[in-house]
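For reference, the structure is listed below as structure tokens.
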Amino acid sequence: MNVDFVLQLLLNGLILGLIYALVAMGLSLIFGVLEIVNFAHGEFYMLAAMGCYFLTAGAGFGYWGAVVAVTAVSVCVGFVLYEVLLRRLGGRDFERSILLTLGLSMVLQNGALYLWTATPRMTTTQYTYESVVLGPVQAPLVRILAVVLAVISFVSLYLVLHHTRVGKAMRGVAQNRDAALMVGIDPRVVSRLAVAVGVGLSGVAGAALAPVYSVHPLMGFAFLFKAFAIVIIGGLGNVAGAAIAAVALGILESLASGFFSLVVVDGLAFVLMILVLLVRPHGLFGGGVRV
Amino acid sequence: MRRAPALATLALAIAAALPFLIGDAYIYTLGLTICVFAVLASGLNLVYGFAGLLSLAQVAFFGIGGYGTAILVVDHGWSMGPAVLVAGVLATVAGLVVAYASLRLSRHAFAIVSLVFSLLCVIVARDWVSLTRGPMGMPGLPSPTIALPGLPPWQLSGPRDFYILLLVYAVAVLLLLYRVMRCRIGRTLLAIRQNEPLAQSMGQNPLAYRLFSIGLSAWVTGMAGGIFVFHLTIVDPSIFDFYYLETMLIMVVVGGPGSFWGVLGAAVFFSAIPDLLRFSADLRLVLYGLVLIAAVLAMPGGVAGLLRRRRLRRWREARR
Amino acid sequence: MSGGGPSNKDTLFAAQGLGKRYHGVDAVADVGFEIERGSIVALIGPNGSGKSTTVDCLTGFQRADAGRWWLGGRELTGLSASRHARAGLTRTFQNVRAFDEMSLLENLCLGAQQRDAGSWWQAFTGGPAERRAQAKMEARALELLEMVGLDHYAEAPAEILSYGQRKLVAIAASIMARPDLIMLDEPVAGVNPTMINRIEAMIRALNADGVTLLIVEHNMEFIMRIADRVLVLASGRLIADGTPDEVRRNPEVLDAYLGRSRAPHAV
Amino acid sequence: MRKLGAILAGVVLAASSVGHALAQDGEPIPVLVSLPITGPVAAFGEHSRWGFELAFAQANEAGGIDGRPIAADFEDNRCNPAEGVKSVTQALSQKDYVVVLDGLCSSATLAIMPVIERAEIPMITANASATAIAEQSGVGGNKWMFKVNPADSGLTEAIVAWLDKEGKADKIALLAEDTDFGRAGSDGFSQALKKRGLELAAVEYYQQGTADFTGVLTKLKALDPNSIALYSIAADFQNLIRQYFSMGMKTPLTGRLILSDVPEEILKRGALDGTTTVQPYTIEVDTPENEAFVAAFEAMHGVKPNLLSFESYETGRLLVDAMERASAIEPAALRDAIESASYPSILGTAIEFDDNHLAHNNAVIMRVTDGKVEILGFSGT
Amino acid sequence: MAMAEPPILELKRLSAGYLDEPIVRAIDLTVPRRTITTLIGPNGAGKSTLMRAIYGLIRRFDGAIVFDGEDISDAKPIERLRRGIGFVPQGRCNFPGMSVRENLELGGYTLSRGEARAAIERVLALFPVLRQRFDVLAGNLSGGEQQILEMAMVMEAAPKLLLLDEPSLGLSPINQEQVFETIRTIRDGGVTVMVVEQNAYGALAISDTAVVLELGAKRLEGPARSIATDPRVRATYLGGSTEDVAEPGA
């Protein structure tokens, strides 16, 4: 019984962590390539989840159709975001990048509140009431699907960053801007792509989580800060680090909620983040995209 | 900008005359909102505009002041005056700890850590139920009494009384901040913001100045929170709402970081106008967000920055 | 004097065994020298020889890994940059630096306030003492601006000045606090010949006024004209120390500059 | 100077006085309603609002109060205490409301109570269930505050009594949202159990807006209690009940569940069989009065009422009754009229306020069997 | 050959700099094809500035740059790269977190996939040391190997003119040797090379032509062998007028 209990907690945590990783990876990628902390990242995740809800509930899309549509739109939104706003920031405008993306987050979040109110919506798909039993433990099918999407995203991102020219160029720009210029990489093209992929990932996250949690305009805001903590714990700009930190945090949170109380879970990410900041501060700001 | 002090004096005279002229609670509520935001925005201006530190902990200072005062008054029977002062000191201590720990690393770390500090404050307020009453907050705060020596005790019971108190408080704080910003200390802060190594080479200690600005800012912000919750008659975790922080940031960024009058003007404008125009809260924040984006992209120095650029052009022309 | 230090009382500044490593490579190793009161000493060396690192360490802008140094008998090792300045050792920077948004007068007064102005409380209350100090600083600032011919820009923000003019302002600001020793990091790099003459005149005037200077510079003609003594760094080590003429004739110095690995036999 | 000031103040006032008018005779009677219009429980707030609207529409159709229609202004409290205080204070400073009504959120209600006490305007809460509201009202407390729906203590006592009778009162775990609602439920359960020499096997609170319950559910599953008392509503409940279901949990639930909010699929699959709950109302109540109410509600709003719309409707009707009896349409007279109410409820009892200004209507106890909800009976509160 | 080949690069009274004043002034220079030209001069003479101006990284105040017979004065760096100018900046300029293989792959970024593959083979043949270290992270190579890697990356685009800014800076003598050898190999492959070097004698030994800069202006120009022995060079480094010749190597 006790072993099953721990196993179930570990499984819950693993699933939760992979879900976190999905949001954190995009944030980390954008930071790595552009050195911008994107406060609006959570809003893109929220809008994607909203989109998924409306497509499945109102527009007659099947779940997978909605996932594809939402992801595609998110990638386009990323392109536009870079061309319209982020391009205008210089690399050293850390504070301005926070203010700019915070302004964007205010517009998107409160615009969503105005249009749809904070009333939560539940996305129901054909998988909503199914679950998967693995020996002594059990997990909801929608979560397993979210995990599958997370793993697919991570593997794709890995493949793109390591086995395509443009992916390598992305890592290149993050590692050494001058060298990128030397070999003829246009930083603008690469940055634009990084934002598109980053926002696209948050789109996948929104679509993957819409059936898992209730969907409402404030869902992104809360999630964003946890993603921040994960990105910082994993090492800013380090996509693989973020993924590992996300899974670790998911498991820790799950164990904490199993053995202590939910109250502990709320602050865990932030306390860990501050500890990491204090212990290894200098490795955090800077560093290229490493996967 | 030359006429700003005269304008401010006139505005102050009108503001001071209001309680004797009309009895409209709505105007008082609006007035005291302006007073509170004038303090909050000017406090942030000292930290961001002068010391160059993007402090996302201002809302935490505000909340710590509010909770601190409420707990001291309700649970420990303090009277409001000392409770507000001590709660302000509490906010200062919190600010200094956050700043000292993170400024050792970098300016960027400070921004991130101050944000996380605000988030942790929400969690403490929600989860440390025995101290803060949790999400239910502490409603029904008593009408406080202020006893000044030589005067009959003054019980603050309605918007009018809080308006008077907050007006006095805001004027005092603004005078204090004005003096700090305009004297050698303010100039040194600006110098450190513009060029930290150069200031160091001139014997200035940036950390000391930065800690001072954060401490002072936290103190006035915390005390504002302490008074404000008694006007609201309640303190709950929503005092840490990002709304306050976003509003402060708008006021400073649009008014012009580093400009006393610019930020003060923006504070009055952004507290009064949306309320008068009766936007829904959501729409107001959408508008604020757009203003923030526009200000960051189009006028990095805010309104005051535009005026400064005009002056600079005149100098450049004179040089030719 | 405990544990070493300057060897005689004409010595204003002494450094011993200075070392600094980056990523396992010695940027500066075992550098030691003394500076006599009232002299102008030049520190030269090829690119990457560790000149700026030396200055940064000796003024507290970088933490040295080894070594000790003294100014006027007082040990400054390990103090922060601002404490170095307060002890009477100021500097300028390679890439000219000024408080761009502040007026020249304010720029200069900032240089003096640590020495001439009172406490923060005095600054805040703005009493007569503060006003007197302020007036005194402004008078001196104007004097210096006049000396460099920029007094009509006293109220103008520094950002309107040309590169060379800002170098003048930077030097003026660094002497506002009447330091005992100034380290100038490339004062004439990237400056046109007219301006070089003005900077040279200013340095001579300061020196005549009793200020000791250490100058890091690439412009050899300038150095040869102005320095009493030249220190040469190569690959982080001090390889020569002497009068300009001695240094010029030192083959090791030439090798350091021109490279020795493939020196043609003709030379 | 004074004159100049007056002119300036007048300008500011004019600019600010959109919708700022004083009530006169023959004019509508201004009633203020504070409920969540946005926020996590907005959907419930909407139902509460519809109940009030139906009651007032019926009264106005019947000619109003001496020819004066009742005009309700709805202010959003976002289910947040400070927001409730702010919006009510602001509204009261702009219009001379004669009474304040309140829906849903106990924390907001408790926070607003001192405000209306200071302003000396009566307030009636329709849905907020926290026991503390009544404890602080009436004799020796807030004389302006009234509560129509049963307090949680009454409801928990009713359900625990029933569980005890069935022999299922031992080893109950409680999972509740960390608000006055959840904490009142928790206190009610502990006290009701204590009377019987029992105690809760576990108490877990979660913050409103928590999305992930898998950890705490796993923990409760491992504890294996006889039942889990749930104090959770709206989005949290939706998240919770789905996760409960898909984790394959079989422990019966109890407490205050709104069974009509449980997804059909989950009920149908029998996952909640054995679950019991107590509520002040359910649409299945089989009386002509209830049928008339349900029909009128559906005609007006196009959906079926739930317990919130029911409570608000009854509260609205009680207010209309008090206005008709009051000597004048002003706060103090209304207060007295409300205090002496004896209003016939749809559920068949007469609503009268006790010394704590609390009404004691009947509560309905329900159980899920074979995927269907059945009414077990009524109980006093 | 019927006609004399035009020079690969011609500078016509070029003035360029960073802020409001030019650092290099009125430089006239003609670089013949398939040669190594060394720019020497004391620090601050404007050697790196001139090189960056040729690549288009800094502001041009006046004058013109003619490359391969075409005026490229206003072209962007990427455009110049496409036309056949490769530039290896001072300091470490590779992707330290990637393997040599990946660095070389990025070196062929402007080429098509097939061209890039061929280009990598070509530079590996040219710089065999890289083949041995093919899967090592660039950050773990020695300084000399990193410098060679950087040259190889730029060489992939098959530039007609290769600009090298201080390739031997911070390298041990053995590594410097290795780098100079490599530069010669590159020239022998038909590429024109322009080098800024602080190790002047090292660079002169492999150069065809040398240009001496001082205070942003051209002081001397001539065959490398004669410049190496010209006593006036020493004067530019250690002061004194160029006429006031000091005893060489006393």
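Residue numbering begins at 1 within each chain, and the chains themselves are lettered A, B, C, D and E in the order written.
Methods note: a contact is a pair of C-beta atoms (placed from the backbone, for glycine too) under 8 Å apart; a residue touches a chain by one contact, two chains touch by 3 or more.
All values derive from a computational prediction rather than experimental measurement.
Visitor: Quickly list, by label, the chains bordering both subunit A and subunit E.
Guide: Touches both subunit A and subunit E: nothing.
Visitor: Determine, using the mean of C-alpha atoms as each chain's centre, which chain is farthest from subunit C.
Guide: For subunit C, the chain whose C-alpha mean is farthest off is D.
Visitor: Can you tell me which chain lies farthest from subunit E, using the average of the Cα atoms as each chain's centre?
Guide: D
Visitor: Could you tell me the distance, in whole angstrom, between the mean C-alpha positions of subunit B and subunit D?
Guide: Using C-alpha averages as centres, the distance is 37 Å.
Visitor: If you average the Cα atoms of subunit C and of subunit E to get two centres, how far apart are those centres in Å?
Guide: So the centroids are 33 Å from each other.
Visitor: Counting only Cα atoms for the centres, state how far subunit A is from subunit C in Å.
Guide: From the centre of subunit A to the centre of subunit C is 50 Å.
Visitor: Where in subunit D do residues touch two or more other chains at once?
Guide: 38, 207
Visitor: Let me make sure I understand the interfaces: which chain pairs count as touching?
Guide: A-B, A-D, A-E, B-C, B-D, C-E
Visitor: Going by the contact rule at the top, pick out the subunit A residues touching subunit D in the complex.
Guide: 1-2, 4-5, 8-9, 12-13, 15-16, 113, 117-120, 122, 124, 128-131, 133, 138-142, 213-214, 216, 218-219, 222, 253-259, 261-263, 265-266
Visitor: Tell me, which parts of subunit D touch subunit B in their complex?
Guide: For subunit D paired with subunit B, touching residues are 1-2, 5-6, 8-9, 12-13, 15-16, 18, 20, 38, 80-83, 85-86, 89-90, 92-94, 107, 110-115, 118, 178-180, 183, 207-208.
Visitor: List the residues on subunit E that touch subunit A in their complex, please.
Guide: Answer in residue numbers: 77-78, 81-82, 87-89, 91-98, 102, 105-110, 113, 150, 153-154, 156-157.
Visitor: Which positions of subunit B touch subunit D when the two form their complex?
Guide: Against subunit D, the touching part of subunit B is residues 14, 17-18, 20-22, 24-27, 29-30, 126-127, 129, 134-137, 139-141, 143, 157, 159, 232-236, 238-239, 275-276, 278, 282.
Visitor: Along subunit C, where are the residues that touch subunit E in the complex?
Guide: For this pair, the touching residues of subunit C are 25, 46-48, 162-164, 186, 189-190, 192-193, 218-221, 223-224, 244, 247-249, 251, 253-254, 257-264, 266-267.
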